[in-house]
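Order of writing sets the labels: A, B, C and D. Residues in every chain begin at 1.
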């Protein structure tokens, strides 16, 4: 009985020491809030893993400006309330210099104001355009906005002379973002929406919605969701109903998981995606090529599971913060924020970032490739 | 929309409804012997599906042996749950029993998440994934499997409850537990049995459903909710009412989604449910006089 | 008489305790967690009046919490209604909806009542999720102003904590007062025997609806306090899961015990903070704690504490009372 | 029947069906103000059903119930209680989650009137009402001799005392007509004797008219002024106790029952 007690004491002592040493000068502390559990866990899990991976890699190389990088990760359980208390802890207890995450739009919107008030930069991994439009001084985000993805799909549709589409979106924050963009941008591009269907994230059958779409004369279907929230089922049900009109999906689908889930029904679907999932195919001269191949390899060796774009968003967020620190040679929150705005031509997984005081996402349409699935693998559509 | 669209809605509804019905059946079997609404019923469905996926992946023994193994494993888990979580609270108030089953469902879900991961998985169709087309209506072979297995299961359960000594014993428990124990029926054993059977039924539901719907550690919540609704529509305590309630709920949902609005389909389905309860306060096939709470 | 002085003292002590907690703990990053758990306690106390005292189950109480939160948020933000008016309207909407839904629903009993309230909760949740123009949909509704009363802005987290603490103390006191009145007795009577209550001249339909509306009003108070604290609202906070969590708070804390609801709410809201270090295992532990507590403390934490006190008291009247 | 007499309760042509079973078939039943009226009959004769119809727990399919010249046929039970019809139950319906005193105070529910606001804020009206309520309850507990148990939880009372408690609660609501459903069931001889005296005192001291469903013939014959006999849902006799004992139809009905059981 005595031995475990001593170990326990030691463990406590170590924890206490690490807490007290937290204020020490040789450590840079970054906070992270990810939805590692709950409905958004497919996003948060990959992001958390990526953050851990980066922490290890960066410190192995001697840290940032010679200081050790410590990423303090909290799980918000996909809940707004938990995200708020995690933000409080990071800001008031851990005194971090910057925070990456949260994984979802509502959780980001819920804590934005705290970062404005505390004057600490937040680099979100959520897609919603509302996060950075209008621009908030202390808030940035790394995923490509829905607007860019939708614009990419619409221009592809136009190139194929399709003018009537039906949309089917998931009724969570992610699907809502896509739905609003599609409804706003499609008419401007001269494309008519013949149907606007919705399904819940946990729905298991979309035959009914697709049957309705089938009865309209839509020439293409655009569906907004992730592999875990119905996109695979939409693809499957479309195949089952024998529908031949092309199916466009969102950039959130870009993960090997989707191919596994949709099986043969995934063949031929189209989507705009960051280059992460087609890293092999990216031409060698593309600036992203090297880092994409390395990230895919490192992630998949360490965690034994395929990468997703979401992990990439966390990669971008952490590395952007690191870049900003190195750029200004300062780990003060205000300097990090100022230097984030100065970052130009930063090569990330989602694309090449160019920030400015007016632009806190830093990506443009060139971040996307149109990809499809051929013989069970992602292929760039030329 | 043509008539074929409506037929398609109906087929989707019946397919999903069968699963709701099977979940509801599991609720009813446990309710009848114990008076407990087992909020962990959805987890049995989840386990049946997700364990099949993993057994197939780990042991590489082919689809049907993996499925059998998964059903068996889930049934054993059902028994373990009864023994270690339900039996210790024997005789507690209804609301406490509900909380225990909620605790169990969180516990099971958590363990699944830790050991099998948070991802979504698929299971191959039992026989081909090419649809059969009748008059412009696509029917998946899996839907036929679902319907057929549901019906067979119902028939077997009916035989079990009316013909076997265990089945009759369980029915007796449902009418009067005290009297049953007085005439020598081991109530504890019957309760254990009801958990075994309902986890078996739940697991089978999960297994036949997963090829159509995919699975993940958290699918049990929604299925449990729908199953509970189905057995309330059917009239609590009536196994066949529960199955019928499930099919009705499935059809209601798909018609709401198809005809009214896909965004509000669950809201409409629950709205109809509420109206139904207001008109017929003890479900469609329930007896008005029986009050257990 | 009837323990009023004792109640009064207990509430005063409780308020004092709430006020000094932040000082004892010294740090303030958890203040929001505390505020949130006290907000939950306000709902739980109301739900306990409904469930613990009157014996009517509700699996949809998150809906009332959400209705008030959204109403106040939308009125004050989108329509620039003055804050106090918006908050009053929020609470009122919860009450009125409870009245309308309560009249037909409370005719149902047991599991059917549970089902109906659950269905109501799901409908309201979908309404929050789908009326995007009004509620902002799944991504939420932001830009809500923080509470301001007569020119005083509750800007700091600690000031908001004190406010919620005072409101909770008030709600507890009102509930204790209600319980020790003819109305409280009527509610408890309905719990044990509806027939005998009717025979004693108690209009059970009226009282059930009354306590349902009252508990919805409490949930509404919590809702407006919540929304003007977080200054953001999304449907995810008001789903089925939260309704279940509320019920769990009441049962785990101790049914038919006003203090039990407070203890249960604080316990379940703060527990995850302690479990957080276990990361993924957290959810398993949470489930296990629910099971273990229900097995070993069937009367809830408050019930357990009461029993402990009784055990320590010298046993003199025990032999006389029992047959 | 006898229109000249002053009836507090008069039921005409009551019919109650439970599924296929006719529990009451056209029952006429009247109770004279200030009387103790017994209702007897073999098991399943419909006595409890008749009490249920009078107290409003069961609605009659046909027929009317008049209480103090007013038609109360469609009134819900709590309104009947308010207007003065109160009953007890064969299988005891006391409030097990309360103390003895609180049980009786709940019985006083309709006698004290203060509002929700009064109770939330503990206004003087609340205090006044509660004090009165407390006094009423104490008086009834003294009446049934349970004063020493007033703070005991109701569950801990012995069975006989629980019967008395239910009686105290019923009397506490100041009824004008009290319906007792087998009050002596489960009591020993001494307790039954005391109960008989108590029922008389309820009528004599409180002026409450009593209807009594009872199997204990000694008790019935000793305390009642009038006896009504039900058999298979019909009234087969109504008379003073002495006459009833001689009535051949009544004797036949009871013998018939004996054969069954």
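In this text, a residue touches a chain if its C-beta (ideal position, glycine included) is under 8 Å from a C-beta of that chain, and two chains touch if they have at least 3 such contacts.
In this text, all values refer to a predicted model and were calculated from it rather than measured experimentally.
> Quickly list, by label, the chains bordering both chain B and chain D.
For chain B paired with chain D, the chains in contact with each are C, in label order.
> Computing the C-alpha centre of each chain, which chain sits at the greatest distance from chain A?
So the farthest one, by centre of C-alpha atoms, is D.
> Closest chain to the protein CA centroid?
Centroid comparison flags C as closest.
> Just give me the whole-number Å value for how far the CA centre of chain A lies from that of chain D.
73
> With centres defined as the mean C-alpha position, give me the chain A-chain B separation in Å.
Using C-alpha averages as centres, the distance is 36 Å.
> When the centre of a chain is set as the mean of its C-alpha atoms, what distance in Å lies between chain C and chain D?
From the centre of chain C to the centre of chain D is 40 Å.
> In whole angstrom, how far does the Cα centroid of chain B sit from the Cα centroid of chain C?
So the centroids are 32 Å from each other.
> Give the residues of chain D touching no fewer than two other chains, as numbers and ranges.
Touching at least two other chains: none.
> Indicate the residues of chain B shared as contacts by at least two other chains.
113, 221, 263, 266
> Would you give the residues of chain A that are in contact with at least 2 other chains, written as numbers and ranges?
Residues 37, 171, 198 of chain A each touch two or more of the other chains.
> Each pair of chains that touch: what are they?
A-B, A-C, B-C, C-D
> Show me the residue ranges of chain B that touch chain A in the complex, using the header's touch definition.
Where chain B meets chain A, its residues are 1-2, 5, 8-9, 11-12, 15-16, 113, 117-122, 129, 131, 133, 138, 140, 209, 212-214, 216, 218-219, 221-222, 254, 257-258, 261-263, 266.
> Given the complex with chain B, which residues does chain C contribute to the contact?
It comes out as residues 51, 57, 104-105, 107-112, 114-116, 118-120, 122-123, 126-127, 130, 240-241, 244, 247-248, 251-252, 255, 280-291, 294-295, 298.
> Which residues of chain D touch chain C in the complex?
55-57, 76-79, 81-82, 86-87, 89, 93-98, 102, 105-110, 112, 114, 116, 118-122, 126-127, 129-131, 133-134, 152-153, 156, 158, 169-170, 173
> Residues of chain B touching chain C in their complex?
Listed in rising order, the residues are 37, 85, 88-89, 92-96, 98-100, 102-111, 113-114, 221, 225, 228-229, 232, 236, 263-264, 266-267, 270-271, 273-274, 277-278, 281-283, 291-293.
> Quick one: which bits of chain A touch chain B in the complex? Just the residue numbers, please.
For chain A paired with chain B, touching residues are 37, 39, 41-42, 45, 171, 197-200, 202, 204-205, 207-209, 211-212, 214-215, 227-228, 232-233, 240-242, 257, 260-261, 263-265, 305.
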